[in-house]
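Structure first, commentary second.
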Amino acid sequence: MSSNTSFFGDLLGSIAERGRALLERSSRVSGATKAATLVERCEELLSGKGEASGVALATDILDRYGRMKTGERIAFFEALAQTFGVDRARLAAAIEAYGRTESDAAAAELHAASEPRRLELFRRFNMAQGATLSLVRMRENLMDALVHRRDLSAVDRDFGHLFSTWFNRGFLVLRRIDWATPANVLEKIIRYEAVHEIRDWNDLRARVDSPDRHCYAFFHPALVDEPLIFVEVALEKEIPGAIAPILDQQRQHLDPAKATTAVFYSISNCQRGLSGVSFGNFLIKQVVEEISRELPNLTTFVTLSPAPAFGKWLEAERASGSSAVLSAADLETLKLLDDPEWPQKDEARDTITPVLQATAAYYFLVARSAKGRPLDPVARFHLGNGARLERINAMGDLSAKGIAQAAGLMVNYRYVLTDIEKNHEAFLGKGDVVASSAVKKLLRGEHSARALVPAS
Amino acid sequence: MSSNTSFFGDLLGSIAERGRALLERSSRVSGATKAATLVERCEELLSGKGEASGVALATDILDRYGRMKTGERIAFFEALAQTFGVDRARLAAAIEAYGRTESDAAAAELHAASEPRRLELFRRFNMAQGATLSLVRMRENLMDALVHRRDLSAVDRDFGHLFSTWFNRGFLVLRRIDWATPANVLEKIIRYEAVHEIRDWNDLRARVDSPDRHCYAFFHPALVDEPLIFVEVALEKEIPGAIAPILDQQRQHLDPAKATTAVFYSISNCQRGLSGVSFGNFLIKQVVEEISRELPNLTTFVTLSPAPAFGKWLEAERASGSSAVLSAADLETLKLLDDPEWPQKDEARDTITPVLQATAAYYFLVARSAKGRPLDPVARFHLGNGARLERINAMGDLSAKGIAQAAGLMVNYRYVLTDIEKNHEAFLGKGDVVASSAVKKLLRGEHSARALVPAS
Amino acid sequence: MSSNTSFFGDLLGSIAERGRALLERSSRVSGATKAATLVERCEELLSGKGEASGVALATDILDRYGRMKTGERIAFFEALAQTFGVDRARLAAAIEAYGRTESDAAAAELHAASEPRRLELFRRFNMAQGATLSLVRMRENLMDALVHRRDLSAVDRDFGHLFSTWFNRGFLVLRRIDWATPANVLEKIIRYEAVHEIRDWNDLRARVDSPDRHCYAFFHPALVDEPLIFVEVALEKEIPGAIAPILDQQRQHLDPAKATTAVFYSISNCQRGLSGVSFGNFLIKQVVEEISRELPNLTTFVTLSPAPAFGKWLEAERASGSSAVLSAADLETLKLLDDPEWPQKDEARDTITPVLQATAAYYFLVARSAKGRPLDPVARFHLGNGARLERINAMGDLSAKGIAQAAGLMVNYRYVLTDIEKNHEAFLGKGDVVASSAVKKLLRGEHSARALVPAS
Amino acid sequence: MSSNTSFFGDLLGSIAERGRALLERSSRVSGATKAATLVERCEELLSGKGEASGVALATDILDRYGRMKTGERIAFFEALAQTFGVDRARLAAAIEAYGRTESDAAAAELHAASEPRRLELFRRFNMAQGATLSLVRMRENLMDALVHRRDLSAVDRDFGHLFSTWFNRGFLVLRRIDWATPANVLEKIIRYEAVHEIRDWNDLRARVDSPDRHCYAFFHPALVDEPLIFVEVALEKEIPGAIAPILDQQRQHLDPAKATTAVFYSISNCQRGLSGVSFGNFLIKQVVEEISRELPNLTTFVTLSPAPAFGKWLEAERASGSSAVLSAADLETLKLLDDPEWPQKDEARDTITPVLQATAAYYFLVARSAKGRPLDPVARFHLGNGARLERINAMGDLSAKGIAQAAGLMVNYRYVLTDIEKNHEAFLGKGDVVASSAVKKLLRGEHSARALVPAS
């Protein structure tokens, strides 16, 4: 693969260079500003000229874009939003025609006419060598700009739509990441790890270079050295309740043949520019299959997951004055959390634990957003994938980040292959949070009386 | 690549198997007919269920489809056309909303609402292992059905649209085809060669296993062993006028370092199911670059091409009674063509040659279709790519096929990199056929007086 | 691998070219004959000059050799035998020194002094690109010459010794051969098949491109596209007694999951120049392991083997007048073999079968060469590897070749992994032919009374 | 490659396991000590048993060896030296026979008889998976023992002899080392760098991941992830005189297209166990070819090398009281070196420089060892390869190591392809040190009067 790609890359580079030479001449004539020139080039690329010299034109455009400053790029995004939007005249005509016949052909023309011109532009950009990655990076720039420029969101939507098609699951390739992986890929694993920071190469090595640690990533053939998403897996003898022993570089290694439990303890998306394209669901399920084929003795597949919205929610409950879940005694107990030293104090931890567990059970099982959905984004992800809430671990992550985010709380979601579809439908169809009886037992009083979904 | 893909393939197979087991049970319950069951599965795949068990569902659907007979498949295509077309209600609402605001968001919803549901269905099919190839083959089945069922053409259009996006030029990989290429790929080169038949493995070897013969193909990462298009190249010392010496297995080999001319003597598309996705233009230009980097002594890049519509046109002219190009003397001369032995007779060939040349010059340079375009499809392809008509060879292909198709005529189109854009624009913009002066000189009388485009 | 090798090859080519340019000049000065020049170059290569310009010199020498005619090559072999033999003076001194001290150091010097100079020469030849293959081919030329020139056999012995070290089992790589194997390798499988001819590409495909047929070869990293030895395997439900059904292109394919028996029906060495280096033993055992890991349902590993010396031996027995095994009745029966049509006659086959079986049992179990070894070379190979003689098949190969070689007889040798060592020791230590009781029962009269080795 | 190797590895592992199971049983019976058991196994491996179960036996032996402690290993080395030495009786007979006939055959038997039995043993060890690396490591253990046990040196010599044949230059593969190289290989580059320490991954990256820095290594196919030797190359605009700017992570990068000079600033052997097998000469020359093909603008190929024996020699001269090169004034000047701060003092550096240069010129050009060879091992290596001494740099390496080793001195050796053979012969034949006129001019007084070799 790599040798073909590289050959291919060199070659396209060479086509592009010749093309650029031709283009440079005319560019000196033009006195227009950078963004205007870029727009002009884009028009050429959409015109017939793009058919003859498409590779050169696309390369030139992406090169120019690459050298632009932020302001110039925003000007270009504005042009994408306005100049390369829908052809209004064509659309009006198509609506009118559809109104007359309502035929399939008229509907098809309506679909074509309502496609923003920038979509074809993006597809033609992709003729240039390395363009797919450039487009992913371009969208990252756009997302930065979006914060203040909501008017550009239509462009962002189009990127998302195009990438969903290009990064279709059928084109993804799963690769094991280990110590024989090229350094330029491993470097990105270090950089993109979003859940439990990888501090340096030794830390990385502890996660990928021992038989009881696996790591897998999805790749796309057009982004050779760029992982899209990766998951880190620890092989254990039981479901773990805390992250520190897993990350400990000095831990005792386990013979994989003796492991019964695969723990997905970190899942990180790598490409912000691919936001909205979902990979995680597919990745987890494929890794479950892959790893259970290699190690047939594995019977349990769980995550060890953060509860990223729990900390803020808990603070709000404590401050609200009318919490539906926290009793006066709970509130008193939770004052212990205000002492920054509490994680180091045995008694404090012991006192806090049952309150946190009960409160967290309420947070996951009962509390709902305005839209009626669970409050926790990680919960929504795994429950939506068909996992069930298996266990609540009060003292799961006592790092500064873990305390700040969730008062140290972590949870396990469990994937049972034969229940996935059922769980998924229960969650999406009826909003049920499927949970183990252990979790449900943590609910107190009236909440536990609610008819909660049984887990098989 | 291959090892990952294969691993990947195995794995998906395994996911699918387990999924299938689950599905089988429910399938026994259903008593519906095959096509109806398939439609039902497709609805599931489009529903939330598809998110949880997408790979298994998609695999099941493609397996079922694969076992269907022609009639059942057509029933399925009908469902694709009708059941999985545009959501009319949503579209009507979107039109109405757009009418009110004409906002970008309303236009975007209009675009989404006018997308036939089958497009999302196709994208979800692609979760299954090997689905991309299955979908290409599905479209081939559809194209067979289209002959009698024009009502299915909307489905075909959607396939074409999707494949254009998936098989975007940026995802194609050029690979050299030679004697070290895997046999399962070479076998397809034999099978797909559409211009000059490859009779057997020895014939193939003569085309790919000598230093003065090259062959290149485009591949897509999801179709590992399936070439999409390939081109065969002969290295020569001059522009050739006939195909037989090139194909001759006993020919004298030429030291590539002494070659000046690369002759593209055969270009074949391999996947009928990818019809409408254009690869040829890109392939030729990339091969020109590739081969001139490897052999910097090459200065001339030409094709040796058939003229597939010339034979029929010539017969029509001869029969018309009012040909604008054939004089009475010409008609008399061309009666020689009615003797099946003419290609073996020196005198006949000599007599026919000048008449054929002049007539062919008219056919290419002057004659136009009702839409004002050149009559020859191969001419339209190369001229549209920016090549120029370099030479007309009266006795280029005296095989039975060559005689039948074009009275033995072949032509050379020449690619001059620096003229490609200019030629392309002249052809597409003004309909000019750029030709060498040698070709233009072949025109007689009033035709040559026409202002013809000069070639640089 | 291949890309590095190729890069590597190109590079060495380039070093060599520059070196050659330097060498050419001096070569014009020299007026010596070709062989003399070659010898001179070889002396340079052995001298200090070879250290500075070794790659160029070695390349030049192998190029010159490559262009030589047979007579010139034999002259060169003579020089290898005489000029590049042992340094007699150094050897005499080393013997004398050893006589004095008998020290390890003196023994080491004796070993070094008794090494023919050509061995170091061969090792230095190997600096040139592709030299390993050139040396294998050079030995083939030498073997041709040996027929009439036994005085060159010392050179041949040295080649054999060197190749044993270079082609040590630890450097061999097993590769599956199938329809995705490069054509230039498959072509060699066709060419090198020595047991049951592969007629053409379709015949090859029947042997490597169906799930119930496997093929494996050993390769050496320095001979990228050259198999060293390969074995063809048929998956069956029982031990087969005839070759024709296995080779039948129209046969019914068997689902590998239903196979119980792996049949090694053809083993071919590919490189005559590596004669004396044994690969077969290792290949069979590694393939047994490989294939039983992939298909755990396989329980039986047998060959279907020719008996290449049986035909001649049988004729001699028939002609001898005093056969120890053939009775008068047998002799009468065997006259049927003199009718060339016998294989087509049911009755003849039925009559001959029991006589052939009993005679063959004697041939394998009782008859011995002057050295006391079994007469059949294939038997010696498999029994030496630790297999046992499992079955005698009277009508195993009724092709012309099979009839000529062994009156149609074939045998099965069976590999039982746990018995291999025991069988091997019985055969090599005591000369016992381990056979199944079925085979032993075929022996008649006094022969069966002999204490024959029981098979477990 | 990797997939085959791995497959191969797994397989051999599996053969070995089964074999081991068989062997274990008998091992419990034996009550012998570990080393004795190992010797017993080795005898079995050399016997016929080794032919049937060689892979299992060899694997068992190397496993046992791997678990041994130092003392046990030395006992095993003693057995290798004594029990597996030459077969004295056979040797005596061979000497006697040779004395009678002096025939080629007798000489061949003498050669065979004088081969220590351990050589065949080592070759059979190599049947086990990964054995080649194990043998290299075994020799490292032996080299450690040699310090006190010179009686084992014969075993070491045999390892060296065998490895020279196995690691013949024709089997080495050159690979570029860069940031896309697998981490397990890069880690070894960090570990094995012997000249200028690589401190961490960032330091490594500065040396392999910028366009003006290249790194190449030789590999052997049987040692997949183990570089044998590597060289680091800096692309520069002129011949550099100091190492610090080259290693500076903050340096300005140079566009390779503007470089004229390739500087080999570090060459490190990686495998102590392959000591005596020369790779450096081949590596430098192949990299010169490789890099000049890629960058045709490069005209100059030089090293920037340490002078590892200069420091000690200089101290001895200063202490001798009768130095042939140091005048009283020189001795006075060089007292500055006794101030540890001198490298930081401008004036001291300026004062010392000319004296160091002149003294170093004498050290390289005039001074000789008892055997008449230059004193500096790095000089002997490069001059022996055909390089010339190009420049002496007084302040080349002011690091603590550089000061300690050579008072900060570094030198450039230059490789001019067309002079390599001439230089090599001058050096090896006549002992001439070929040097640039600049270096020769540094010599003072009577030394410069000596007839020194001119450099072209």
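Letters A, B, C and D mark the chains as written, and numbering starts fresh at 1 in each.
Here is the rule we go by: a residue touches a chain if its C-beta (ideal position, glycine included) is under 8 Å from a C-beta of that chain, and two chains touch if they have at least 3 such contacts.
Remember, it's a predicted structure, so these values are computed and weren't measured experimentally.
Touching chain B and chain C together: no chain.
Distances between chain centres, each the mean of the C-alpha atoms, put C farthest from chain A. Looking at which of A-D and A-B shares more C-beta pairs in contact, the answer is the pair A-B.
Centre-to-centre separation of chain B and chain D, using mean CA positions: 58 Å.
Chain centres here are Cα averages; for chain A and chain B they lie 38 Å apart. Remark: chain A and chain D have CA centroids separated by 49 Å (rounded to whole angstrom). In chain D, no position touches at least two other chains.
The residues of chain D lying in touch with chain A in their complex are 2, 179-184, 186-187, 200-201, 205, 209, 225. The touching residues of chain C, when paired with chain D in their complex, are 1, 4-5, 7-8, 11-12, 14-15, 18, 22, 48-49, 51-55, 81, 85-86, 88, 91, 95, 98-99, 102, 104-105, 107-108, 110-111, 114-116, 123, 126-128, 131-132, 154, 157, 162, 164-166, 168-171, 173-175, 221-222, 281-282, 285-286, 289-290, 293, 384-386, 417-418, 420-421, 423-425, 428-429.
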